[in-house]
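In order of appearance the chains are A, B, C, D, E and F, and numbering begins at 1 in each one.
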Amino acid sequence: MFYHKKELQFDAKPDRPDPVFAKKLQEVIGGQYGEMSVAMQYLFQGWNTRGNEQYKDLILDTGTEEIGHVEMLATMVARLLDKAPVQAQEEAAKDPVIGAVMGDMNPHHAIVSGIGAAPENSVGVPWNAGYIVSSGNLLADMRANLNAESQGRLQVARLYEMTDDRGVKELLSFLLARDTMHQNQWIAAIKELEAKEGVIVPSTVPADWEATEFSHQLINFSEGNDSEKLDFVGKQAPDGAANFEYVSKPVSHGEKPVLNPAPSYMHNTPPNEDKMS
Amino acid sequence: MFYHKKELQFDAKPDRPDPVFAKKLQEVIGGQYGEMSVAMQYLFQGWNTRGNEQYKDLILDTGTEEIGHVEMLATMVARLLDKAPVQAQEEAAKDPVIGAVMGDMNPHHAIVSGIGAAPENSVGVPWNAGYIVSSGNLLADMRANLNAESQGRLQVARLYEMTDDRGVKELLSFLLARDTMHQNQWIAAIKELEAKEGVIVPSTVPADWEATEFSHQLINFSEGNDSEKLDFVGKQAPDGAANFEYVSKPVSHGEKPVLNPAPSYMHNTPPNEDKMS
Amino acid sequence: MFYHKKELQFDAKPDRPDPVFAKKLQEVIGGQYGEMSVAMQYLFQGWNTRGNEQYKDLILDTGTEEIGHVEMLATMVARLLDKAPVQAQEEAAKDPVIGAVMGDMNPHHAIVSGIGAAPENSVGVPWNAGYIVSSGNLLADMRANLNAESQGRLQVARLYEMTDDRGVKELLSFLLARDTMHQNQWIAAIKELEAKEGVIVPSTVPADWEATEFSHQLINFSEGNDSEKLDFVGKQAPDGAANFEYVSKPVSHGEKPVLNPAPSYMHNTPPNEDKMS
Amino acid sequence: MFYHKKELQFDAKPDRPDPVFAKKLQEVIGGQYGEMSVAMQYLFQGWNTRGNEQYKDLILDTGTEEIGHVEMLATMVARLLDKAPVQAQEEAAKDPVIGAVMGDMNPHHAIVSGIGAAPENSVGVPWNAGYIVSSGNLLADMRANLNAESQGRLQVARLYEMTDDRGVKELLSFLLARDTMHQNQWIAAIKELEAKEGVIVPSTVPADWEATEFSHQLINFSEGNDSEKLDFVGKQAPDGAANFEYVSKPVSHGEKPVLNPAPSYMHNTPPNEDKMS
Amino acid sequence: MFYHKKELQFDAKPDRPDPVFAKKLQEVIGGQYGEMSVAMQYLFQGWNTRGNEQYKDLILDTGTEEIGHVEMLATMVARLLDKAPVQAQEEAAKDPVIGAVMGDMNPHHAIVSGIGAAPENSVGVPWNAGYIVSSGNLLADMRANLNAESQGRLQVARLYEMTDDRGVKELLSFLLARDTMHQNQWIAAIKELEAKEGVIVPSTVPADWEATEFSHQLINFSEGNDSEKLDFVGKQAPDGAANFEYVSKPVSHGEKPVLNPAPSYMHNTPPNEDKMS
Amino acid sequence: MFYHKKELQFDAKPDRPDPVFAKKLQEVIGGQYGEMSVAMQYLFQGWNTRGNEQYKDLILDTGTEEIGHVEMLATMVARLLDKAPVQAQEEAAKDPVIGAVMGDMNPHHAIVSGIGAAPENSVGVPWNAGYIVSSGNLLADMRANLNAESQGRLQVARLYEMTDDRGVKELLSFLLARDTMHQNQWIAAIKELEAKEGVIVPSTVPADWEATEFSHQLINFSEGNDSEKLDFVGKQAPDGAANFEYVSKPVSHGEKPVLNPAPSYMHNTPPNEDKMS
């Protein structure tokens, strides 16, 4: 069950309206690695966690915080759109700068959301749940989470470079910090889980299920052996089971596949027996 | 530039037709973490890599291999659909087992693809590029890759449990092995990059951009302090910059946001000045 | 800012595992009118509300509750999947009922989510934000909300019919009640807003912007005049501005459109001047 | 069965080319609440209506009209794109206004549709059927329709503000009028249905299916009791079954959910029995 | 402008309810090549046609007919769902055949659409406009249309094989015939356009824009020269400009691409100057 | 199995950075008819081909080449983004041209991909597999392929018009040539298949399955008989089975459909027996 507190976790007011930056900021609200993604990913992971209660708590806490991050960013977008020259036909016709700004904003901010935030990314594509994962395997999901916070912080850093509005930068500085914390916590949890289970997910696959002769081969699928110079080649692999082996020329372990003709009730092209076989 | 060799990298023929398993196997072809995802993710990452040529090679090699994994799985799906009782109306009416099988297969396999594989997941949702990422930051992307191979191998292991067809299991044993290798290689690369850059992505954010007082706080957004018992609480965080600090009661660092009324040309609801303020 | 309380708002445990019903229940989690939709719709509406603070509170309260509804349903799905015969190859081969159940469940529940809930609908399509709206106009959005709660309660009622599990029915009885409340509250709010603004959204369009001669015409676009018998025909329209007028034969107020040929740099088909004009 | 009449229902020619407005106008063609949505929503509702023939007629008539609205808008987009400076490289380089216009138009209008309308919204996202509903319950669907016409007319009003082209405004004035009519007719139909069935959808749920103690509670999920001041609190709810009751502190009616560990064949993280329980 | 006639263009009543076939039939309503696709594709093409009025008429006529095909199929789906055992819990528990049928139907037909047709395909994915094209180039679009009618008729033929219901087969026999006609007409139109313009789309590209040395090379990107045995190799190409030339070993006409390092404000991984170059 | 060669099939370096053109060029990478579409379409078709080995080879060769086309275009996008003024806040504020360019580029190129190519189209919509088809029927699929290459070359020609960068034009000249070749080869293959099977897909439908009285009727669904003047009317249809017959007034061969009321457990609106029947 959830509660709402009216105050924002952190907020900062922009120095001035900037509808073009509002459009860009949507990426970290409703983009692939925006706050909607981490909020939903962590909540579903938490709800699905079975028998690891402390991790469950950590994940749900973080997911709950992230809903509040969507809130902060949505509020910032609303403020950046405030007093923006959406309507100014005449000025736009006269002043190319105003015209360009109006053309560069997300039309949804004017037509659909009424100068409010939208659940979509910086090009206007609606958020979808194909971005997120909750697998039931904690180590796999912690890696998903570490990736999400890494991509997310990278995007925040780039946005930080793209504005000189002090208020916006202040909000982004808070997000940078929380993404640092979230990377830290997922790394710590990954270390704990790897220490217990080993580094290969899932740890529960019996050795005889796996064609282990292929489990440590770095196969060179391109001309030239540059990748052989990578430091780790020839050294022990992270799973400790063998050394990395460099295969400079890939070998095919299969045949050329020839499929049976389709049954007539499929109405596929009949096979050309005379010429094609 | 790419070449094709007619032989499969590895193949195995199924013992018998199984259109219901063919439907499930689609998950690792065209699902969020299927082979189409890793193929496309690695290729775009490789093409976008700037100035780290050995990593670029490694990534492109792996992407090239993954196209061949789609090929192996597509061939397996085609074989599992071969001689399946798609049409057998009369038998189905008489025999509930046949009827159930026909009802459980993916209708696309019969109606759209002509007993061939489809670029979609196990419920029939088409693959889309919102699943993948290529960010230009290698450490971020290696984490994305490690996640993808972890989720992917987990799904292969589950599919392995869901069939007793020896040929299918043999193919899956090869995929388990290659996913082991790919997890190993991305972990090795992550270690190299972290050793050079540090563990927080991106490593290039100056300290004064970040509200560092929030960078190590584990904030408890739920009732009860269970998560405080996590082993890493109080210990040094992975970035080495501070210890994890437990905040048992979250504090709001912002105000209750009150937005300005919308301009009249937005046609939003006029503010209710009398009663609402 | 949001908090989480570990206890569910309401819960009930299912009598027995039922993975097929778990698949169906996904509709009210991640479907067009599932709880993810109302949660996200209300939160974005609340964050975007300008100058109507009591409505803003009401909307955010309701959105916050709805996140807890996703939580209750996700928990129910996890429980319905518990101890379900996902793996039972041998039994399935022998027992058509078990085989059918395994074929009828959502493959994502076994392969992707690890017997947990997924952010998708009853056919496995991921939730997307194209389902929701936040327009900045309260009357418009209250109508969206009333519609969402109406469709949602209808779906819950149908699901209630489709199971005889007492625990599941108990949870659904709670959702029926809350959807009753939410319909009640949005109707009450709509009445308030209509009393103040009038029934036509947006109320702020000046009369001379509108071709008012068409604002009350029920135009009969099909053969036969059955729709003329509707009770409201000929009576005063809800906006009070005129009576409904029945137009039994639609008149075209435009010309046949003839477009200019495309410029040559578009590489469209050149117009056939000789024969087509 | 449908017929086409070459003349448009209403048309107006734009004063001048305006590819940037053409992009914006796409919102009411292929956006969430564009004419494609209402056309498809009404047609599917009409085709699915069972045993209420006059409503069926009304719905199908309106759906048929809406196809003609797509036609009018598609024609307007084609005219706004006519003679637009898509190609003018040299001028664009010299003249920032032309350059900005070319950058602001939808690239699909130049590259994909050949200066014609596209079945997509103002940011270029293709229309999809997840926008629409046909539920078989007329009262629910009339509410969906009223919402669609409210959001649609709001968007048309905003577009009216964003142009000063008289021809475009004339077309929008017709759409404003028809959306007024369609709001009027759906309100009238809703009143008829509510008079007969009651206001809660679906009306056919027996009282003993519902946990009615929760059917009239306005639960305050946030700090502060502002929403208690709403006029309708304490008064009779629209369903007439009880008064609205204000619950200032939400109570949890469930337990903290603890899920069983996953079976080993799921390969989820094994539960940490020592430390986590 | 459009009209509706209440009678169907063609109809046939099914012999008996069949919700599983209703699910499959959705493919030709809302699938990639269903009737929604051809209806929308032809209408947009017609509305966008410039200066070729007879083709415009032909295309709009066909599009108008196709809306009526959606209508016929939606009606058939509604009838196939009529009296289907959606609710029968007890019987399902007892009778595996009924249970299997209930599990195999599209849950949307019961939960969302109220035993009516839905705007989605046979696996439940909503129709989207990414399926269709209207390019402004008639020859390109006629080829799109011929493809759509070919794929569509193929799917209808497969559905014909999958049922033994005489009423359903009768309806499908009508669709087979109309798809024959539509293939015929698009082939005829293609021949006319090719005779006038030549076979390569677009015909308006000047010869000196094209690297014509590559315009007739069949490049063998795989091992083995099987494709050299194709009859047309060595013969005159359809454009009449040259003979097909077989290139048994692909040559690279480019260099290995080495990209510049990203600017520091992108926060990409810094290039490893020591080791990687 | 696939190999990678580091050299590009063809490349050309742009004269100067152009992030706005980079955005447009994305259409032919990740758009409906971009190189990702043809690559994936041909590969799936090839893998699914049964019993027509030379066609299988041709299709797989072409698919393999197309992956290399994605590579060339991705490299070009990366180069066009190189040294682009993404960050230049101050200059942008001063110089409207720079400001406009920054506003017109795809925000994903700066925020998400780190000045690299993205798997999406020119408006930023991610590529999805709903664009492609592999049906198992070669003639149907060759028509899909011819359409794809026609639409694709048309888009390349339009892009050629939209830039005056010699390097970009040089790359496009290569793509124009390969699309010429691919149109040529699919036309040649279509002719071979049509000669063997006939022109109507699928060729295997028995005559008595089809309501052949409708197989050659050009039905005029609009007012006016303009389409009767098309040259092919009255002449022999391409299938040789009959002449095209013009039906100037469409006849309904069905009844007005009246559906049974829904069962009560569907909770649809109860039929209004008094007034509606």
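Throughout what follows, a residue touches a chain if its C-beta (ideal position, glycine included) is under 8 Å from a C-beta of that chain, and two chains touch if they have at least 3 such contacts.
From a predicted model like this one, the values you see are computed outputs, not experimental measurements.
Engineer: Between subunit C and subunit F, how many steps is the shortest route if every step has to go to a touching chain?
Structural biologist: When the steps are counted carefully, the minimum from subunit C to subunit F is 1.
Engineer: Same interface as B-E shows up in which of C-F, B-C or A-E, over half of contact pairs matched?
Structural biologist: The pair repeating the interface of B-E is B-C.
Engineer: Roughly how many whole angstrom separate the Cα centroids of subunit B and subunit D?
Structural biologist: Those two chain centres are 31 Å apart.
Engineer: State, to the nearest whole Å, the distance from the C-alpha centre of subunit C to the C-alpha centre of subunit D.
Structural biologist: Each chain reduced to its C-alpha mean, subunit C and subunit D end up 10 Å apart.
Engineer: Cα centroid separation between subunit A and subunit D, in whole Å?
Structural biologist: Computed from C-alpha means, the inter-chain centre distance equals 28 Å.
Engineer: For subunit C, jot down the residues that touch at least 2 other chains.
Structural biologist: In subunit C, residues 1-9, 32, 47-48, 50, 53-55, 57, 60-61, 64-65, 75, 78, 86-87, 96, 100, 103-104, 110, 112, 114-115, 123-126, 128, 130, 133, 135-137, 139, 154, 157-158, 161, 202, 204-205, 221-222, 224, 229, 231, 250, 252, 254, 257, 259-260, 262, 265-268, 275 touch at least two other chains, as defined above.
Engineer: Report the topology of the inter-chain touch graph, choosing from line, ring, star, complete and other.
Structural biologist: It is complete, because no pair of chains fails to touch.
Engineer: Mind listing the subunit A positions that touch subunit C in their complex?
Structural biologist: 1-9, 30, 36, 40, 43-44, 47-48, 50, 57, 60-61, 63-65, 67-68, 70-71, 74-75, 78, 112-120, 126-130, 132-137
Engineer: Spell out the part of subunit C that touches subunit B in their complex, as residue ranges.
Structural biologist: Residues of subunit C touching subunit B: 1-6, 47-55, 86-87, 89-90, 96, 99-100, 103-104, 106-108, 110-112, 114, 123-126, 135-139, 193, 196-197, 202, 204-205.
Engineer: For subunit D, which residues are in contact with subunit B within the complex?
Structural biologist: 154, 157-158, 161, 229, 231, 265-267, 275
Engineer: Mind listing the subunit C positions that touch subunit D in their complex?
Structural biologist: Residues 5-12, 32-33, 53-55, 57-58, 60-62, 64-65, 72, 75, 78-79, 82-83, 86-87, 110, 114-115, 125, 128, 130-131, 133, 135, 137, 139-140, 143-144, 146-147, 150-151, 153-154, 157, 160, 169-170, 172-174, 176-178, 180-181, 183-185, 187-189, 191-192, 199-202, 204-205, 209-222, 224, 226-227, 229-232, 235, 237-239, 244, 250, 252-257, 259-260, 262-263, 265-268.
Engineer: Inside the complex, what are the residues of subunit D that reach subunit A?
Structural biologist: For this pair, the touching residues of subunit D are 20, 23-24, 27, 31-32, 96-97, 100-101, 103-104, 121-125, 154-155, 158-159, 161-164, 221-224, 250, 252, 254, 257-262, 264, 266-273, 275-277.
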